[in-house]
Amino acid sequence: MADTTPSLLVVSAHAGDFVWRAGGAIAAATMRGERATVVCVSYGERGESASQWLAGKDLAQIKAIRRGEAEAAAAALGAEIHFLDAGDYPLVESTETVQQLIDVFRRTQPTVVLTHPLADPYNGDHPAAARMALQARVLAQAIGVANADGSYPSTDEIIGAPPVFFFEPHQPEQSDFKPNVLLDITAAFPLKEKAMQCLPAQQHMWEYYTSLAIRRGVQVKRNAGPNLGLPVDTRGEAYQRYYPQVTDVLA
Amino acid sequence: MADTTPSLLVVSAHAGDFVWRAGGAIAAATMRGERATVVCVSYGERGESASQWLAGKDLAQIKAIRRGEAEAAAAALGAEIHFLDAGDYPLVESTETVQQLIDVFRRTQPTVVLTHPLADPYNGDHPAAARMALQARVLAQAIGVANADGSYPSTDEIIGAPPVFFFEPHQPEQSDFKPNVLLDITAAFPLKEKAMQCLPAQQHMWEYYTSLAIRRGVQVKRNAGPNLGLPVDTRGEAYQRYYPQVTDVLA
Amino acid sequence: MADTTPSLLVVSAHAGDFVWRAGGAIAAATMRGERATVVCVSYGERGESASQWLAGKDLAQIKAIRRGEAEAAAAALGAEIHFLDAGDYPLVESTETVQQLIDVFRRTQPTVVLTHPLADPYNGDHPAAARMALQARVLAQAIGVANADGSYPSTDEIIGAPPVFFFEPHQPEQSDFKPNVLLDITAAFPLKEKAMQCLPAQQHMWEYYTSLAIRRGVQVKRNAGPNLGLPVDTRGEAYQRYYPQVTDVLA
Amino acid sequence: MADTTPSLLVVSAHAGDFVWRAGGAIAAATMRGERATVVCVSYGERGESASQWLAGKDLAQIKAIRRGEAEAAAAALGAEIHFLDAGDYPLVESTETVQQLIDVFRRTQPTVVLTHPLADPYNGDHPAAARMALQARVLAQAIGVANADGSYPSTDEIIGAPPVFFFEPHQPEQSDFKPNVLLDITAAFPLKEKAMQCLPAQQHMWEYYTSLAIRRGVQVKRNAGPNLGLPVDTRGEAYQRYYPQVTDVLA
Amino acid sequence: MADTTPSLLVVSAHAGDFVWRAGGAIAAATMRGERATVVCVSYGERGESASQWLAGKDLAQIKAIRRGEAEAAAAALGAEIHFLDAGDYPLVESTETVQQLIDVFRRTQPTVVLTHPLADPYNGDHPAAARMALQARVLAQAIGVANADGSYPSTDEIIGAPPVFFFEPHQPEQSDFKPNVLLDITAAFPLKEKAMQCLPAQQHMWEYYTSLAIRRGVQVKRNAGPNLGLPVDTRGEAYQRYYPQVTDVLA
Amino acid sequence: MADTTPSLLVVSAHAGDFVWRAGGAIAAATMRGERATVVCVSYGERGESASQWLAGKDLAQIKAIRRGEAEAAAAALGAEIHFLDAGDYPLVESTETVQQLIDVFRRTQPTVVLTHPLADPYNGDHPAAARMALQARVLAQAIGVANADGSYPSTDEIIGAPPVFFFEPHQPEQSDFKPNVLLDITAAFPLKEKAMQCLPAQQHMWEYYTSLAIRRGVQVKRNAGPNLGLPVDTRGEAYQRYYPQVTDVLA
């Protein structure tokens, strides 16, 4: 019998991205009893670890540190986490990494997918991860596309057409990010805070992303209207839906 | 005690527009027991009644015919209908018409609003109606904006911030219409068919919009994915959400 | 019997615009034996006549000067010309001016329409004229829209759906002008030069628009490819088609 | 002899807008000894004064309160302030208001202009004020456009072509606001704080716009790069330049 | 002596694409006595052959089936067909495939090129084929680019600058497809129907693309206007021109 | 002690591009005593050397000719020049070329970067060079990214965040090029003319780019306004800023 529990899949270019940008959505899902899986395509060992390089750490040490932090953050959010160690700065797109992502898609059978938006003039790894995630999502739907072991047709279960949401980049307007979904993460925010605190080297980011959650929370309230009675301390995350929403009720 | 029944408000430039473009959404709402109100800003007496002018009808007769047809169609959909008789071809924006719409918004307290998209190179009345609907929606939120009788501050109940959806124009790509919501109207489609048949002068449109419902239904299925098990004869309508969706679950 | 000679209609905000931006297209049409009609919505008496104001001319004198120049230029191009004298800086949109344009459309039965593009951050009169031209084109198609004398239904001949081309604004990129039609005006260019010389107060513009004709001519050649054998001194004008091209041959 | 002191002109739809969105730019200008003039097209008496209506104030009282607050804030920033009292919700565009703005442009001879961006789906008054400001800026350049007293040609000094910057709307992405100028307002921020405190009814906005100044400050630092040595507590405001920058040094 | 017969080149990602999307244009060309060549970059063996995989066919069998169907369809349309067998799902861009396409361009000397549009969020193979087709079209123009056998400079005939038209993707609005050419395929439609019937495994598509031809035919009539007297059963295909049209007559 | 002299870096796809499109900016910089470095990613030996292939030159000869011309032009402009010889038509993106560019960035420590815009439907090498330049600029900022010799962390000096300007493509509107910076190159224009004359095979381009400099000069004057008193023979170059401008004065 098919497992009908919703399943959230988050594809993150570097080890920390999923925490800052999607921690609320992940925690909200696991708090509802849903499954959540995070895939870090790289550790961000070259491009996002300046302080550790300056402190004299070597490549293996830096990867281990970032892996440990990401595992702790995922645990705080109640999510599984996997690492593809595909390298960063630049994260190079390859058929091998796409095949690994196809396998993740088929194994986790996601009902919702989160990843980076397709433009980011400050960091090319983010769109590269997103392009691979989108490609894997399409390929994983086809029976003719090979299994993890290279055999075909696929005997792994092919996937459906899960909706994809882009999470917020660091400089949204410069990345042509126009939110069309404002997610209320008020209840999940304490878990997101815990997850952020698993990344001690970036303590200045705790405040930055708390402030962003407040700002997006104001927009949640503004767009919901006063009649919904949302509390003053509403917290939010912004998303951009990539495919049209399918629904039987306009709301 | 506040009435919490959802309330759908449809602002239509001409007497027939709401049937072709939003009949499915209206019927789906009333079949769920919700209230639905249609406002026709004009009758479409000059711009969409060529056959009646050719048949020698005069202005009053044409308005009466179109009003009768629209009333029958609204009844078939289970909706209330009002006519502002603001004139068409061109539909001229005015503070009077906006004030009438403000009153409709405050009286119906919509939880969802449907109207035309903001561009249509083939018919300027459609965007004019949409601009007035959007303006009225914002003004109706402010206590400082006058009541129907001109007194202020408003003692009529001000409204919240209902989401707005643009329905599909006749030539979508030319009108920069990019659907981001695909509505499954399969169950409601028989009522939409009945409503279309209340407009006998436009019999060729019955087939055209049935064919469109099939086409949008194919997209409903394609975007929902095979796992949702939607039937072969799924019928759809396409909408474009104007404000970001507010939600506490990504789906 | 219907006149099947092609009929070109040019709607120009000010008295000089049609010469600089569309003189080649007009001359090419009349050289083929087609009819061409220019409508100047205003004389450009306030916004484009600084030197005459500085020379101490009064409003009536300036209008007369500009009218004379435009008549001479139209004659050089082989076109009829009409003046609506609707005022400039700002050119205010009005139902009266639109009605006058409806009458021109019905009288000239254009098979092709040229006007300004819809954006121009340097001169609001240009988009205002274009909006009125586009509105009149749609209204003139409807039998329910009144005749010039206010009677209805229309006994004047309603029009078809002539294609609309926007001619090039002074600062194209800033006006979001993206040419999708490059017109070869090599044969017509001598007439355009004559027409430009009918505007002696703007002698510096002769050179500017000759240089532009060369530049657009280079693009004509580049986009046609070497195989068409266009001459070195090809001259061009750039246009942006507003509605999709209807054709039975892709070329 | 011409006054060559730079002159900043800010066109604000409502009495408070200039404080939140442009207070830093204004203070920075006056701290450099430049002139700054604020024009409030309306008081925001209907659309942005809900608490005062609820407190039982009447229209005249509300206008007076808002005028007083705005005068105090302008004084804190070192700017002159004028009120056109053109009405709000809706702010209706009119030739009279545009003429008043033309007079302000000619009188203040701005070297820089700040106003709202051209889109705001949450508040139609903002784009309406911006459209009038832009129109007035173009008209004020023409000698043929009348003086304040209706006489023409203009004997008031016509203006040059001052650059225009749009300040940040409340919901930037939804208003298609893409900052292309990040202004460092660190030194001016204490004055902006004082100005915000002149608007006691909106105390929750003090924190909101302080948080925004920090966020835009982070982007100032990020886009400047580490080599410029900007301090940790850099404060910023975001702007969108409407016309191309003219310069003789790329930097 | 140069062959001046027009030559149509169609670059199709998979074996079936050219039939559904461009069958009318191809048949119209061959009915006029022009040459038409179809290049299928892959067979669509993995991504578009689910039913055959489910029926237990192996890779070679599926390729053979799809090749046979495509050959029959091309024959029905009167076109030559070639297969590059570059693999699908994903179709990987390579210099080898581009070189093969360069050779096809030089050999067929196309006067018109058709291919997929550059965006398709549902199928990455389509844009990949289009990017390679566009690249090959530019490279084939340069004498310095090698011949099929690797020698250079080119002794194969270099090509001109043929216009490129994108044909309609399955979900046009989601693929940012905005038709700017509506092709009347009424006379060619019976041949397109025959070609569709060569693809028996996709019988549901026959109806879907017949319905689309009717829908685009309605737009052909609407945009042509009533004066052209197009028949009620006009059939159409929609295209998007990539480069500006070069012409000496606006029409 | 750090060298604080401004340093301009120009990344050019082919040997001639920097002269036509950015010669004025380069000369202006060196005339101010600043450093300027040009990197030619390829010689343009296949795609932009038709006349030399026709004259029977071989590949090595053509590269040598183009190198010599580019060296002479750079000398005329007062700039250093380097050649990566990465091949053209197509210019293939590679990690090797990006690494070479990283080294150039770290060595030259640019304060301003110029390159091609990201779209050019006529020449894919231009965007390819731009993408590599942008990628190298980001990677060169990271201490974790290797030195030229492959060792890491970087001991070469990492760079800051220099602004990037795209220079004008040959067909600007078709390349979605919208200038937001107009550079006054009047004083530098004689040096640009000298540099152009170092490319004798493209004499027709001298005139074309002189005419363009006049045209952009007119826009410099128009956007600066009459009050700045720019001379009649102002010469300009157009640029598009990629990242937001960081400044402490709006002007």
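Chains here go by letter, A, B, C, D, E and F, matching the order in which they are written, and residues are numbered from 1 within each.
Quick note on the criterion: a contact is a pair of C-beta atoms (placed from the backbone, for glycine too) under 8 Å apart; a residue touches a chain by one contact, two chains touch by 3 or more.
Chain identities (UniProt): A, B, C, D, E, F = 4-oxalomesaconate hydratase.
Keep in mind it's a predicted model, so treat the numbers as computed, not measured.
Student: Quickly list, by label, the chains bordering both chain C and chain F.
Tutor: The common neighbours are D, E.
Student: Need the graph distance between chain B and chain E over the touch network, please.
Tutor: Minimum step count, chain B to chain E: 1.
Student: Comparing the two chain pairs, does C-D have more C-beta contacts than C-E, or is it the other way round?
Tutor: Between the chain pairs C-E and C-D, C-E carries more contacts.
Student: Taking all residue numbers at the chain E/chain F interface, are over half used by both copies (same) or under half (different)?
Tutor: Homomeric contact, different residues on each side for the most part.
Student: Return the distance between the CA-based centres of chain B and chain D, expressed in whole Å.
Tutor: 38
Student: Using CA atom averages as chain centres, what separation in Å is found between chain A and chain D?
Tutor: Distance between chain centres: 38 Å.
Student: Could you say which residues in chain F touch two or more other chains, in rising order?
Tutor: 122, 174, 179, 219, 222, 238, 243-244
Student: Go ahead and list every pair of chains that touch.
Tutor: Listed by label, chains in contact pair as A-B, A-D, A-E, A-F, B-C, B-D, B-E, C-D, C-E, C-F, D-F, E-F.
Student: Which of the residues in chain D end up touching chain A in this complex?
Tutor: 122, 170-174, 176-179, 208, 211-212, 214-215, 218-219, 222, 238
Student: Can you name the residues of chain D that touch chain F in the complex?
Tutor: Spelled out, the residues of chain D in touch with chain F are 6, 8, 25, 28-29, 32, 111-112, 114, 141, 159-163, 165, 179-185, 187, 219-220, 222-228, 238-239, 241, 243-251.
Student: Show me the residue ranges of chain B that touch chain D in the complex, using the header's touch definition.
Tutor: Residues in contact with chain D: 95, 98, 134-135, 138-139, 142-145, 152-153, 242-244.
Student: Could you please specify the touching residues of chain E with respect to chain A in the complex?
Tutor: Residues of chain E touching chain A: 45-47, 49-50, 53-54, 59, 62, 89-90, 92, 121-124, 174.
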